[in-house]
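Before anything else, here is the set of structures, which you'll find just below.
Presented sequentially are two complexes of chain A, the first with chain B as partner and the second with chain C.
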Partner chain A sequence: MSNVDILLVILRVSFGAFVPLCFIAVLVWMERRGAGFFQDRSGPNRANIFGFRAAGLVQNLADAAKLIFKEDVVPGHIKHKFYFIFAPAIVFFTAVASFAVVPFADTLVIGDKSYVMQAIPTDVGILWFLALAGFAVYGIILAGWASTNKYGMLGGLRAAAQVISYEIPMGLALVSLLAVYGTVNLSEMAQFQGQLLFGFIPMWGVILQPLGLIIFVVAAFAEANRTPFDLAEGESELVAGFHVEYSAMKFAVFFMGEYVAMFTSSAIIVTLFFGGYQIPWLNTETLVVYAKPVAVVLMLLLPVLMYYFAGWIRKSNVSHYDRPNDPRRREAAVYIKILWGVVAIMELILLAILLSPSGGVATRIFVAELQIATFLLKTTLMCFVYVWVRWTLPRFRYDQLQKLGWQTLLPLSLLNIFITGAVVVAVS
Partner chain B sequence: MSAKVKVVKRKGDTLPEKLYLVEVLKGMKTSFGHFWRNLRDNSRLYVRHYPEQQPEITPRWRGRHRLTTHEDGSIKCVACFMCQTNCPSRCIMIEAGERLDDRDEKLPVRFDIDLLECIYCGYCVEACPKDAIRMDTGIFSLVEHNREKMLVGLDELAATPGAFTEDDYQKRGL
Partner chain C sequence: MIAELLFSVFAVLAIIGGLGLVLARHPMNGAICLVMTMISLAGLYSLLSAKLIFVLQLIVYAGAIMSLILFIIMFLNIRKEDLPKEEWRWAYYLGGIVVIAPVGLLMTKAVKALPGSEASIMGNGFGGVKEVGVVLFREWLLPFEIVSILLLVSLVGAVVLAGKRRVEQ
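For the complex of A and B:
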């Protein structure tokens, strides 16, 4: 193995491991500030370090410090302490590991070698995700059982029943998708979506499988235990459900696992239905050819976007009450300076791309970076949809949940398989 | 005679409503409208920026207690134990002593209120025959580092001024 090989292995594995962890902070922040704005309030905006609040992100640090230093209680009535402590680890580990197969950029070609941009370059693809997502519920069931608490037990049982009900429509929605793509490999699926339908529509899964998208998204919400399907922790009837006996860091691990699961399922939805890392109309080969025009467009676009963003920061980051010598205005000025600095660095990088020989390694890496940015942007938007749905829809009742799963989604996904099968046979 | 029957039409029977997905999208449109408005202009959020902006307290608000005094500064309380007897949470502890200023026979030598026990029901104010205890200080946020400090005594209760004019206080609830 050459040095480049080792470097790329380290880069890919660290991307697969650390990006979900970094997104925990971003998603918790997005959830809390988003919830605030959805409900016409402001969300956490006071925690600060030397007056810098980073739009509320500092609150995450405060919460983390609190959770780390809280007393970690293991109630005396718990007989199986090992399982009780093991359960959050399962939830967290499966959530992080299931991201490992998601491709975040097209296969990188350096010299005569190509590198699949996944943390684990395997052909198992979507089956890995299905296996681990199904396994995550073991953590919840184990937590509910090991708690020796009737609320915890009921929460765990509900989670089990829910996952069994929704795994089936999810799997069947995937079957029709696999019939279209003809592969289980997520990298190949994303490459397939770089094609154009009739020459002008991006061949994304959402265009080819609209019904499949709806079924898959509903099932993915249920799998990630998010509202409107978070019956396993229904406060109104189960206090907190499966994590009612958990405190401090053990609870935090559950909490982080939930957000990583949300990030992972967003990434999977994006990869399956929204073209993964593909920029619409610009697949990898086109991007490599047109790298310089794209760089020029970005060089022009970045300062314009930054100008409007700076204006928005200046308008938003103020105190909305009489305050002499408002420190938030000074804070905003510092943010704007830092962001302009970042823009300047990006402009320099783009300039370097413009000056380097086209079609070389630098261009390939530039294209990979663009695709990573696109992938992260799409995933963030999908995570926003999760937040959006959570603060819009009320929770389902238990019988409504089962009815939706078995009487609506299951027949619909079977219908989808028949239609897709007929069309695929007719076209090929 | 038959009772008047008003037939209320049950909603949610049309096809788009039964599909649920259309209604979900309508709801999401509404909530996104709120999100977008607040993201663009966060000056109109329905919040009070609390520690900096204090809420307006009306004279009817039952805040922390105080003991009222006569014009010459002597305490109005005559240690009749009405408030202590009436208190549902038993947070008032009075010790009576002899009064030597010819206004009455007794005065409290100890008047402790355990604010951790108090439920701020205001029965002590209603029970008082001398208008000696009031809850008009406007203090609503009580934070201390230990339990002992939450036990307020005679001196502190008598020293705290009322937050309203006598006129406003008398008109409360009328």
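For the complex of A and C:
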């Protein structure tokens, strides 16, 4: 193994491990800002460090400090302490590990070697995600059972029954998708989606399998135990469901596991249906050839976007009543200066790309970075859909939930398999 | 070297899980031990570069079937008082050992008598989804279909048996 090999192994594994963790902070922040936006609430607008609220991100720090320093209570009536403590770890670990097979950029070619850009470069792909989604149920069952609490038990039963029954439409929706792509390998799926249909439509899963997308997204929402399927923790009936007995960091691990699961399933949805890291109409080879024009366009576009973004910050980051020497205006001025600094650094990097010889290693790495940025942008947008749905839709009733799973999604996914099978046979 | 180390770890874990399943008093402990055995077996399959079997073992056995078993155990909410008293436990263990020992000896003899051959990693693509699928649907199509009919029969049987009680009421 050469140094480049080792460096790339470290880079890929740390991307697979740390990006989901970073996204916890982003998603919790997005959830609060989303709640504020959709439901006309105030949102996280108080917690600050020397007057800087970082648009609400400081609230996360306050939460973390609270959860870490809270007393870690294990109630006395709990007999199976090992399972009680082990359960949150299972939920968190399976959520992080299932991200490991998602490709975040096209296979990187350096010299005569190529590197598959996944944390674990394996070709079992989507099957790994299904396996770990099944393991997440253990965490919920064990938490509900080990709590020895009526609410915990009922919440655990509900969550487990829900996850087990929605795995079936999810798997069947995947079957029709696999028939279209002809592979289970997520990297090959993303490469397939770089092609063009009839020469001008990107061949994304959403265009080839619209019904599959709807079934998969609904099932993914149910798997992640989020509204409108969050009966497992319906606070009006079950207090907090399976994590009712958990406090401090043990609760926090459940909480973070939920957000990592949300990020991972968004990443999987993006990879399966929205082209993964592919930029529409610009597949990897095109990007490598046209790297310099793309860099020039980005260099011109970045300051323009930043100008409007700065205007938006200046307009919205103000006090809602008259204050002498409004401290929020001063805060906004600092943010805008920092962001212009970031833009200047990015311009310098783009300039370096422009000056480097074309088609070389630098171009390849630049293309990989563009694809990583695209992938993260798409995943963030998908996460926003999760937040959007959570603060817009009310909760289902439990019988409605099971009816939707078994009587609507299951026949629909079977129908989808038959139609897809017929079309695939007719076309090939 | 690493493969041999992993093999020993998985093998030991699988045996510990099996022993735990038999010896554990509480059904939940037994079920978790069985999960451990299933996962270790999946690890052994992956060492044999049988990727599809590895994932199927994780999805079907370790994931789906065992989570249903845990679900049932959770539903029944068994306590220590509900379990039967096993006063003749040790006699059963002894009897079991006496019965199994000759078979075990025979097995070790058989394994030792195997001709020593160099183990090599199978070629690229062995045990992948496509390769297993091609073999399954070209050479083993009829047995495959018969097995699926068998599964269908057991499924219908379960539905009939579960529905019967409701009709009588």
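Structural remarks
By definition in this document, the second predicted complex is superposed on the first by the 428 of 428 C-alpha atoms of A that agree within 3 Å, B and C clash if a C-alpha of one lies under 4 Å from a C-alpha of the other, contacts with A are read in each partner's own complex, and residues count from 1 in each chain.
The definition used in the following text is that a contact is a pair of C-beta atoms (placed from the backbone, for glycine too) under 8 Å apart; a residue touches a chain by one contact, two chains touch by 3 or more.
Since we're looking at a predicted model, the values are computed, not measured.
Superposition of the two structures on chain A leaves chain B and chain C fitting side by side, clash-free.
Set side by side, chain B and chain C differ in how many residues of chain A they touch, and the one touching more is C.
With chain A as the corner point and C-alpha centres for all three chains, the angle toward chain B and chain C works out to 110 degrees, nearest 10. Shared-chain residue A:H320: touches chain B; no touch with chain C.
Of all C-alpha pairs spanning chain B and chain C in the superposed arrangement, the closest lie 29 Å apart.
Across the two superposed structures, the residue set of chain A contacted by chain B and also by chain C is empty. Those residues of chain B lying in contact with chain A across their complex are 21, 24, 27-28, 30-32, 34-35, 38-43, 45-47, 49, 52-53. Of all the residues in chain A, the ones that touch chain C in their complex are 80, 83, 122-124, 127-128, 130-131, 133-135, 137-138, 141-142, 144-145, 153, 156-157, 160-161, 164, 167, 183-184.
The part of chain A that touches chain B in the complex is made up of residues 34, 36-42, 214, 312, 315-316, 319-321, 323, 388-389, 391-393.
Residues 28, 32, 35, 51-52, 54-56, 58-59, 62-64, 66-68, 70-71, 73-75, 77, 128-130 of chain C are the ones that touch chain A when the two sit in their complex.
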